[in-house]
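The block underneath contains the structure these notes are about, expressed in structure tokens.
We call the chains A, B, C and D, going by the order they appear; numbering starts again at 1 in every chain.
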Amino acid sequence: MLSNVLSWIIFLPIIGAALILLVPRNEKQTSIIRWISVVATGLQVVLAVFIFMKFDRNTATMQMVEQAKWIPSYNIEYFVGIDGLSVSMVLLTALLSFICIFASWGIEKAVKGYFALFLLLDTGMMGVFCALDFFLFYVFWEVMLLPMYFLIGIWGGPRREYAAIKFFLYTLFGSVLMLVAMLVFYFNVKDPVTGGHTFNMLHMMDQTLHQGLLSQFNVRLLVFAALYIGFAIKIPAFPFHTWLPDAHVEAPTAISVILAGVLLKMGTYGLLRISYPVLPDAMMYKPFAYGFVVIAVINIVYGALCAMAQKDLKKMVAYSSIGHMGVVMLGMSGLTPLGMNGAVLQMFNHGTVTAMLFLLVGVIYDRAHHRDIEGFGGLSQKMPIYTGIVMVAFFANLGLPGLSSFISEAFSFLGAFSSTAFNLRVYTIIATLGIVLVAGYMLWTLQRMFLGQLNPKYADLPEINGRELFTLVPLAIIVIFLGVYPAPVLNLLEVTMNNLIVVMKEAPALWGMQ
Amino acid sequence: MDSTAVAISLKDNISSLSYFVPEFILIGLMLVLIIVDITIKRESTPWLGVIALIGSVIALVAVFAQAALPVTGLFNNMLAVDPFSWFFKLLFLGSMILVVFLSMTSLELAGRNVGEYFILLTATTLGMFWMASATNLLTIFIAIETVSITSFALASYLKTVKRSSEAGLKYTIYGTFSSGLMLYGFSLLYGLTGSLNIVEISKILASSQPHPLTLFVAVLLILAGFGYKIASVPFHFWAPDVYEGAPTPITAFFSVGPKAAGFALLIRFFNTALATTEDGASWYPVVAEVNWPQLLAVVAAATMTLGNLIAIKQNNLKRLLAYSSIAHAGYALMGTVLLTREGVYATMFYLVAYYLMNLGAFLVVIICQELIKSERIQDYRGLGYRAPVVAAAMTIFLFSLTGLPVTVGFIGKFYLLAALVRGGEQYIWLAVVAVLNTVVSLFYYARIFKAMYLESTDDLTLTRLQISPSALVLLAVFAVPTVFLGVYWAPLFDWATASVKFFAGL
Amino acid sequence: MDNPILTQALIVLLLPLAAFVIQIFVGKRLPRQGDWLPTSAIFIGLILAITLFGRMLANYDPAFKISHRFDWINIGSLQISFGILIDNLTVIMLVVVTLVSALVHLFSIGYMHGDVRYSRYFAYLAIFSFSMLGLVLVDNFFGIYIFWELVGLSSYLLIGHWYEKKSASDAAIKAFITTRIGDIGMLIGIMIILATLGTFGFDEVFAGVADGKLSGGLLTFAGIMIFFGAIGKSAQFPLHVWLPDAMEGPTPVSALIHAATMVAAGVYLVGRTFVFYSADALLFIGVIGTITAFIAATIAITQMDIKKVLAYSTISQLGYMVAALGVGGYMAGLFHLMTHAFFKALLFLGSGSVIHAMHHAYHELHDHHSDPQDMRNMGGLRTKMPITFATMLAATCAISGVPFFAGFFSKDAILAAALEKALTSHNPIHMVIFGTLLLCAGITAFYMFRLVYLTFFGEPAKKEVHHHAQESPTVMTVPLIVLGVLAVAGGYGHWFEDLVTKPDLAAYATTALVSPAVPEAGHEAAHTAHTMAMWLSIFAAGLGILISTAFYYWKKFSAEAMAERFKPVYNFLWNKWYFDELYAKTVLAGTHLFSRISGWFDLKVIDGLVNGVAKITVLGSRLSGWNDNKIVDGLVNLTANVVGWFGATLREVQTGRVQNYILMALGAVVLLYVLQLAFA
Amino acid sequence: MMPVGLTHFLVLGAILFCLGLLAVITKRNAVTVLMGVELIINAANINFIAFARYLDKDLDGQMFGVFVIVIAAASAAVALAIVLNIYQRMRSVNLDEADSLAG
């Protein structure tokens, strides 16, 4: 089992889903289904911890690799493995999936379908982060769409149908462009062993194997653009972000958590896993590089401004995600060790922090049945523990030192500013505006909801319960721990990211760019 | 023609008969059906379906027996026996068998005299066999007409239903008209080359300098005939009306069988008559002045776009699937535009995928005609809770039609796109159009599963609907391969690749 | 790490953190709600700090400096370590911080007695002590930034302690956001430092500057940006507006955070990184400090809320310190920082004592509407609260620069430094700085004595209140007395000047080519300046006190009449130069406007662009006669609608008439033919 | 007088073709339309036979013509049966009225 730990971690949820579908209909059905899900995702967490322990931090090569022929005639392989970039995302996914099972405890409608789809989604996410064969990557990427669509569409809020189809169309639009890009790679990268075509990402990353169309610079730019749109929609980068507020608002709590905590990361993960190393020269192409930064800055500032304008708490959190993913992009753009590591760390941290935020929104929504920021007031008197956790999450979100996001955001900013590859100083300075704006709307929200006189309507609001605490406390601990000592995660990333930077910086010379 | 030549050709004809066993079986089946139909009592007509089923299974076995046959020309090269036609024959018989099944469960046909129905169905299948193996303009014409004429009758089979009759009328007029155009095109091509054999035509075209304009007009007119069969733009207009009006099993059949036959013909005609192979891997247009690939590319793009766009606004599921089938013809056409091996086997693979998922979708429509007595999308509301298995199967088919992993539809599309990207830069625009069309198509497919799962069912009583075990088995027959081939499709792929082998003259 | 001094310093730092962690989780369940825990932690810290101080005095080594670094984060070649740096300045600051903090803890036990969130309050005090101590100890810019933010957090939490009051939570947010704006500047400064020098450590950065790796305009800019952090935290113009509002917090908090320590952190920062600032940056700092000192002093004249007066006085004094640093008065600025910490903390605690008494009196009278902080309701408290009165008077004398009080020495040093600079630099701006500071000295004396007269002298404004007022409990008066002693005696001896020497950039240079140090002003000039400044200072203070006495004690003139007479000026000052209104109208309203525009833009334009234009929806639905309000859902949906519109339009083509079909097919064939011609 | 050559036949075929086309497009009566289709088919037939006569040594063209006649007859028979059925249902063979399937 330990020799193919990645396969287990990917497919455990599917096994769980299959078992769930076999559960006969009786009065204990619901709880059996829940516990199967708990076991499946719990085992996943165990495996994730095992991976974390066993992962070799001193190499940038892929680890725990499994490779098997799948469709030999087309050179499609089942090829999985992880490096520093993926391992952090694998950990995040395992953790959030496990927590979300508990956050889904309150689901009453079509329980069987819900958990089965959720576990299917889990497999898709894990697969994306582990796949090293582009075809496999794409399959997992798309596999996530169907469960997500139904999870939003069936168990979501009042406008769920609209939100679900919007999510579906947007992401499909992005991924089909990726499909074309993938095929261009396939036919224009030479398999070093057989001389044929290959979907092997590691071969794609080897620039010397590029041939045919991929030796034309303008084709490379076009392919990069196609990939970028695919990933930008997931991130979501301005102006492809409008699916996000709708999807987040309508999705049930656990799904919002997954959406914001894991799915958004896939955009930046894809950029770092595929776009950067396979087409480094396109990323180094000045108009692209600066365009990328401009979008990042817009994300940060515009996301924050939009968040400030929201009256719906969940929507505000959603827009705040847009801003924070902008920080990730900003960190990635400068190609400095600080920025790149900061960006990936920010992916991880945003995953945990935003998960907390959505869980917290879910807690209050379950009690008050609305999310109107103005409609609360003085809740801290009634729910002191809840308020305490809210404050941890809010302050983490606004980047307070001592909480995880601070370090990653600061690194992203510092990294972008000190870039030697591009001059990003002015952009970074503009982006710092976001720091103030985030503080503004987070604190303003905190004030309107929790401070002041208690709204008499909520005089008998029950305090957060044990199950909810169980979902939130681990995250809070992680947020605080990584805020004080981020090295455990940074150690995982560092070698990989630094290696990536070297690759990127060599590209212009390799492709004869000025 | 001297006597030795006659003797040789006669000998050839006689020896060809041994290759003609499947066709004979089908003809025999027709005769048996006619006889039985006359003799049995009216209430036992369901047995006719069983007979048709047995007959077609026997034919299937016979076709299988031909697997190892060498590439041969039959009846003085009027028809060909080659892996390519073999592939399609299996596909046709597969669709026939399943359509017989569908017909037996169909409500629309219940209580009618189905003897003629099965006879016509068998005849259509026979015609499709010929379409897949015809190598002569004459046999092509005969094959197409066989399929057409029987199809006209099948479309208007529900004589008492107005829309069925109307569909038949439109089909007839449009069909005969298209045949006329094609025939005129044939005559021009014959005039240019002096031959009816498509292999010879290719040689003559390559060695002489045909008048480009005439050649072009001729091919365009021929394309009208083929295009009408595969329902590609701009010869698709009949399809939605006929699909809606015809009995649902027949609609399902039309959307798969004759369409696939049309593709077989199109591929063979374009790759054999109008192109030449140089290295065995790819073909090149024999007449350089005429850029067939780009012309077909435009047709393909227009077909899928139009089909998808119109489908968005449909409320009748049958009609929606009709437009969607036009769009899928556009996708499949992408593979044929290239004149490459990759393109051809991608098309063939896609046709199999399409066969599974489209027939599956029609099967659900037929089951739902019985369950909820409606074809309107809004009446599918809550089906996910009332008939979970049916709805789940429908979802699989729709996802496959959209082209999402892990379904065979995705793999099919993947190979088509791969062939395009392989074909070079000049086709990438078509690939992009195709993938964007995928997004558009999701828009209307999503309406169906939205209705089944997402829409509010507060005003409905969600009682479970009873589904017959046979229907469940049939659903599984389609749904399981749709998913399984999406995960592991190597056998199908290898088969399709191996089947790209044409009869190319003696 | 085997150095006992480092160990001690670390213990001082970590004790409050431990206290915070325990207090926040279990404080409520501890006996006495755990107030003793942070208090004893900080007292132990105080004792340790004092031993460090004693050692420092014993060694008397101006160059004393030790540091240690712990590995924290390594990324590539960059090592961000958590390092602590201890020199004489650090030790003095440790003592100041722990002392004031300890006394405030003590005072709070009495002042906050019976508060709803008593244990939480002490937890927050502890986290503040930790952050402030960290700020003092840390040896690099990144660490400074971290603790900078953390003190901001504690300030936010403590200002908003009584968050049921909207004004309190408003003030908390205002404090956090306003200082964060300054922090952004600081972050930009740090980014410049990292980008150019590749390190955060003070020593490495200064060495880099000395080696000319960061110089010229960029150095000035970086310096100004770092100083921006100080502008925010030390409430300098133009970000000073948060501090008066911060008085919404409990008064001991005001004493600790918003008078003695946190707000002085900006001054400390500039002092700690003094060599980093180019001449132009220093001039900027001096000007900002002077403007702040003047604006705040003028506002303080008119305020009636006892804490507001003290708040503006704090701002003004902070401006003083900053200006001192700006004119090169390194020692003077930091010295004033220390003395100010004592007497300002004392003033606040004293005012707290007064407020406590007033509150108590109102409580007895069941009056919940009158403002216990309004000086117009006070008067004559001298007899009722003798200890408070005496200590506050001492502090007032100190702040006013009455000779032989602590403030006299430090203020004199500042004025001397300013005058010296003015005399040597030949820059008229420096002359203006000196003049303004001198004027401020006078104004300070005036309004401080005004405060004392209004509060403690004269007839009680409300007899019954006066009757019920009583001296505060011992736990509150002891801190007052301790601080009172320091306010009187804190300035004696030359130890501060001797131990805290102005750092020299040349000391950091590793390579040669250091620009020659600016020639020190002649000893002569310095001496002249000192003498002159001293007399001018005494004169200004005396004049201020005299006028104040004339107005409020002798009542020779009526303040009301003056206010009436100079109504516009009075209103201008009363309304604090309209800064709040200005910011509300510009920055705040602007942000909100932008935010609303963005929100609208996102919903209508971006979403609209991708999703659709209303017109097309209408057109589409009219053409199709079918309005899918499930998918389209009222919201415009372009992909849906443009596409749908096409669909509907194309659908019209499907007329159902077979001959139309044929005609269209033929037309399309012709089109294909034309296309083919185009291809060929 | 010019001898009758291939061109004449082809022109005749083309004229027939156009006439057929015209009938198909303009006539409303289903039977007339079907007759138009027959004209098109016969135009093709004339071509075949003319080409066979002038170009080909074999009888392929003529043979094709025979087959076409047979098949056209079969097709016409089915078509007329359907038209008849329509007439019974609608009491009309006007194609414009057969538009219940549209959109």
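Going forward, a contact is a pair of C-beta atoms (placed from the backbone, for glycine too) under 8 Å apart; a residue touches a chain by one contact, two chains touch by 3 or more.
Everything quoted here is computed from the prediction, not taken from an experiment.
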| item | value |
| --- | --- |
| Chains touching both chain B and chain D, listed by label | C |
| Closest chain to global C-alpha mean, per-chain Cα centroids | A |
| Chain A and chain B, separation of their C-alpha mean positions in angstrom | 43 |
| Chain A-chain D separation of Cα centroids, rounded to whole Å | 65 |
| Distance from the mean Cα position of chain C to that of chain B, given in whole angstrom | 78 |
| Rounded Å distance between chain A and chain C, as computed from the means of their C-alpha atoms | 36 |
| Two or more partner chains touched - positions in chain C | 630-631, 639, 651, 654, 656, 658, 662 |
| Touching two or more other chains - residue numbers and ranges from chain A | 161, 165, 169 |
| Residue numbers of chain D (touch at least two other chains) | 24, 33, 95, 98, 100-103 |
| Interchain contacts, given as pairs of chains that touch | A-B, A-C, B-C, B-D, C-D |
| Chain C residues within the chain D interface of the complex | 651-652, 654-659, 662-663, 666 |
| Parts of chain B lying in touch with chain A, wherever the complex brings them together | 385, 399, 402, 404-406, 410, 414, 417-418, 420-422, 425, 428, 431-432, 435-436, 438-439, 442-443, 446, 450, 453-455, 488-490, 493-494, 497 |
| In the complex, chain A residues that touch chain C | 159, 161-162, 165-166, 169, 238-242, 245, 302, 305-306, 308-310, 336-338, 341, 378, 380-381, 395, 400-402, 406-407, 410-411, 413-414, 417-419, 425, 428-429, 432-433, 435-437, 439-441, 443-444, 447, 450-453, 485-487, 490, 494, 498 |
| For the chain D and chain C complex, residues of the former touching the latter | 21, 24-25, 28, 33, 95-96, 98-103 |
| For the chain A and chain B complex, residues of the former touching the latter | 70-74, 110, 138-139, 142-143, 145-146, 149-150, 153-154, 160-161, 164-165, 168-169, 172-173, 176-177, 179-180, 183-184, 186-187, 213, 219 |
